[in-house]
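Supplied in structure tokens, the structure appears directly below.
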């Protein structure tokens, strides 16, 4: 392991994790870290940030572990040699939420069709159809762009700046939901944040099915070859811990008592369903 | 007309004014003199409504100025004040002088003219565009004066207005004050530590001591007939002698002052303890041999103890059993060959001796 | 570190190419923060004067409260305004949330305490003899105030500079009540420089963030030069 | 609106129950921001004095620069410090990122301009005759400075209050270089009141945010009362 | 010893000092007098290193004080200064006075003692714990004085140190200054607008006018033999008459002053334009009938134009073809029955007339 130049009072190892906000804000991590700390005599330091910023921290070697949900950018990150040993530990679905009155009439549509409809209705004159986008290059925003693309639209040409119906919030999920609520607009949200906010919102789930809405969370180590002084041992432990049976059980049951439905599904046995390799969900890092 | 009725002012536990009573007539020039810290500035500030008396009332033309806060502005606008520590606004000299006129909504042309005139009058012509902060002490004081004068107040209050000025400038300012009073009928109330200024300018003088007016009177009264030993000392009567009346007839008494007998005009009865005040100017000194014995008054032989220059004069002090000082011109000192240690005779008339009842303490 | 240099290069590029987005965002920043500063100044001066010259009970407590409010986090200001103007809030009917107006209100509230406090400081810096001089020259309340302010203009304008600096650099309230919206019309958008910087940072675009920070500082420099010019008149 | 009331209730609950998390976070806020304020004061006073009494070229420009830096957004300060202390930055070897020390540095940098500017203001408020008096009494440079500061103590302490207020209320830099970490040990954690408020807000827990805001203000009030006490001595 | 060599100071475009040259000896009391705005304060500030001369050098004991900035502190510590506009630190009176001692690292007990003594001396005993900001003008000035004195400087600079004080306090302060000079050998350089103070205290006086010393000399020289018409006016010689020398022998000349002939002691040749200076005190006034014709000097008949009180005297102005003023005691005015419009004879000795070359403009 590394020699840490800052003297630490305890003998505990420190593990620094940069995580996407949805994992943190739902308090999932708060539930499982104490278990890890006890098992491995380590101290876990979690920095919660947007996917973009989290990747930046990783790229600079400021953390030991990344936990994000944007496969495309994760691939680039790993491809560039910054990340290693990615493991998928959970998934859930994005949802399209909107006002109960559903002015665009998208309830029950496929996500792609729903987006096309929102855009059409939104661009019509005298319309009160609005779509609020995260607009922050987060995992959710990436997903949104992917849906526009899948719907056959060119994001920057046909969507962005095509009218006041499409508004980029440039903020976190919670704030974006609040804004959509205020404007009685549509938006794309991860289920966890939506459920956490549901009590304060007049927005309802309108579209929650469709393969494209799949949201996959993974953890990976920062490449110790790039940054020799990252804490790779404990980092390895953490990745393995996330795919361990105990934790997978925790994930599957997390939030059920509070929201009446789970916020995340354990990835352990669903690797086929979510389209990743078995190794990515099962094989411990060595 | 300004009436002071039992005006008192205390700061925390310190009583500064303790029942000042007096009356300044319309069109009068009234000087307040008194030792440093007597409360002169405090009194002027009370009149200008800058502070509130602890007790008593100040009335201007019958109105209690502190009674109705709503009237403060219109009362204040009757008055102009020059402060002891001159302070100027951080702008040009001309702008400084114009402030009061602007408050009264005077038009630009009138302001320019009046300011020019005022600058001329206080001897600062051509200083209009200078930044006021860079002025010398005396220049600032003159700007403050001009500032208060241009508004042509009915009552002009001045707190030691010439403290920082040289005699030539002082004379100019005094002339100006005199003209303002004469030509505009402005009532003027000013404080000064320069008693002679009080005398030159004022119709009446109030001597502020121990929180009250120890004496109010014409300059002549205050300077020749001080009401008390303290006032006498303060107005520059150098010879103040303690004694007891031992004999008396026809208003002329003999006072025993530590063994030396002095004749004085006085109404006090035998046995009364008195202070005798004799102005140095009324005391003659002559070489012992030349003195005429037939003088009807006091002739005391003595030895010169000091000869000290004082302006164009010399102050000669003689020990006659009690110290007596006189003022002689340099010429006289030379002519009479007066020098320390020399024997002389000191003479003064009984009329020149002003007796006051001795202080009770 | 190279990001800083990159940031500088990017800043220059944005400026020389007159990037329309950046111009719109900058213009919005300046308009909103200047408006808030002007409003806050107009409120802070009479408020500060009333407190400074006042003799009412609880004056000291009030001054302490104002000093305490210096520590009001922008997020909290944002939240409070948000609660007041959100659809279900008491002023919801005005539909102000996520508008530039809301940002102006929030920034005004945010900088009001510091500007009031600094006004009080500025006033206490004026020679008491000058105050007496003004009174003795027969100044009305307004004339008195105007002239005292003139005398304290250096300190007052320093307060304005501080107020403006705080307004244009804050992000918590702007993002909460403004929403960092990038819509296609200028008036519906609420993205300002700080919220844009936050966004770029959260996306990991450090050079862009720094470039926008430089643009912001250049704007502040311009405003300050203007203030200094007035200050030394 | 009911969230505000809820916030008050929650604030009272947190305080009376001595919620250990809140106490830890509050203590950390106070320690970090007070340290930063003290450091900034120690730097700003000699800096301000050097500039104010200096006669070097570019003095005016420097003052303008300082005024401009009032507008330095906290996020930009955070970013700059981040770039310096991040592992690949020039000071990365110190491993300061995500530590309270980093937050102290960032806050010090953040408030240094405003404190320097206010020091300059405070000094210019001292009667020039008193400055001459000190010189004429044979003060060394240090004695001169100490005594001028004593004379300007009211304004200087007001500057300290402003600096502290800005430090404890800022969030942008704290979150970037601190990371808002809630670890099991006190020293490793970097969550302070403002970052906690941000977090609560982003999770939609408005009453909790407001409660923490109130706690923050109460702390600021305490610090200000202390400052005022010194000020009036 | 302080040497001023061609000291000049200009502010922006305004030349305030234009080559002041002079020398203040060790242990000397030197007064600078001059009109308001003449540059007295400026000069003192230059000596105290508070400002830098535009040209010229100031040397103390041979060292050019402005040459080596590194020495400033030790040079400054030789000096104490009292400023014209008294300013106090916002602390107690005692703390104010202690400042200089603290700078020199005096111990607490010594400080307490010295401060107590100083308070006593300047007449502010018991004021130690008062907040200095609440003092009256004169009290502040005394604190400033005490503050400069406690450090027992080798050179004491005072800028109008008694401007705000009443005569009684002035006398106390003057005595104090006198004692400091005598007992400690302190060199004292002070400015004053009170010429008599200059005279009472100073060994020598420099008259600052138009940026230079118009005259430097003993008080007697300055007051009786002014170097120019301006100095004469400034030192209070009321009678300054323009004329032309028309005849002369043995050092006594006859001057034609607008038709009136005046005899004067003077070395000037015939045809020279001169100003004649005659002190009022040297002029005698007598009722026309009583005057003795045998007087060897000047006897001019005239009409009294004004009688104005001046302190304990009256100033009598007589029109003899040219206006002449004299100063008489009130008694004399009464005894001689002098009143406006009355005919009198004015007499003065040729020796009392001091002639100076007339100004060139």
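The chains carry the letters A, B, C, D and E, assigned in the order they are written, with residues numbered from 1 in each.
The rule we apply is simple: a residue touches a chain if its C-beta (ideal position, glycine included) is under 8 Å from a C-beta of that chain, and two chains touch if they have at least 3 such contacts.
Bear in mind that the values here come from a model prediction, so they are computed numbers and not experimental data.
What chains touch chain A and also chain B?
A chain counts here if it touches both chain A and chain B, which gives C.
Can we say the copies chain C and chain D touch using the same residue numbers, with more than half in common, or are the two sides different?
Same: when the shared numbers are divided by all numbers used, the fraction is over half.
Out of every possible chain pairing, name the one holding the most C-beta contact pairs.
C-D
Could you please state the distance in Å, as a whole number, between where the Cα atoms of chain A are centred and where those of chain D are centred?
That pair's centroid distance is 35 Å.
How many angstrom lie between the CA centroids of chain D and chain E, rounded to a whole number?
Going by mean C-alpha positions, chain D sits 57 Å from chain E.
Need the CA-centroid distance for the pair chain C / chain D, whole Å please.
18
Check each residue of chain B and list the ones that touch at least two other chains.
As it turns out, chain B has residues touching two or more other chains at 85.
Where in chain A do residues touch two or more of the other chains?
Residue numbers touching two or more other chains: 172, 175.
Got the chain D residues that touch at least 2 other chains?
Chain D, residues with two or more chain partners: 89, 201, 206.
Touching pairs of chains, which are they?
Touching chain pairs, listed by label, are A-C, A-D, B-C, B-E, C-D, D-E.
Quick one: which bits of chain C touch chain B in the complex? Just the residue numbers, please.
Checking each residue of chain C against chain B gives 127, 129-130, 132-140, 143, 147, 150-151.
Where on chain E is chain B touching in the complex?
11, 33-37, 41, 84-85, 134-139, 142, 160, 163-170, 193-196, 199-200, 219-220, 223, 233-234, 236, 279, 281-282, 308-313, 329-331
Mind pulling up the chain C residues that touch chain A in the complex?
86-87, 97-98, 175-176, 179-185, 188, 191, 195-196, 198-199, 201-206
Which of the residues in chain C end up touching chain D in this complex?
My answer: residues 1, 3-4, 60, 63-65, 67-76, 79-80, 83-84, 89-90, 114, 117-118, 121, 124-125, 154-155, 158, 161-162, 164-166, 168-172, 176, 193-194, 197-198, 201, 206, 209-210, 213, 216-217, 219-221, 224-225, 227-228.
Per the contact definition, I'd like the list of chain A residues that touch chain C in the complex.
Counting only chain A, the residues touching chain C are 49-50, 52-53, 55-56, 59, 135-138, 161-164, 166-172, 175, 179, 181-183.
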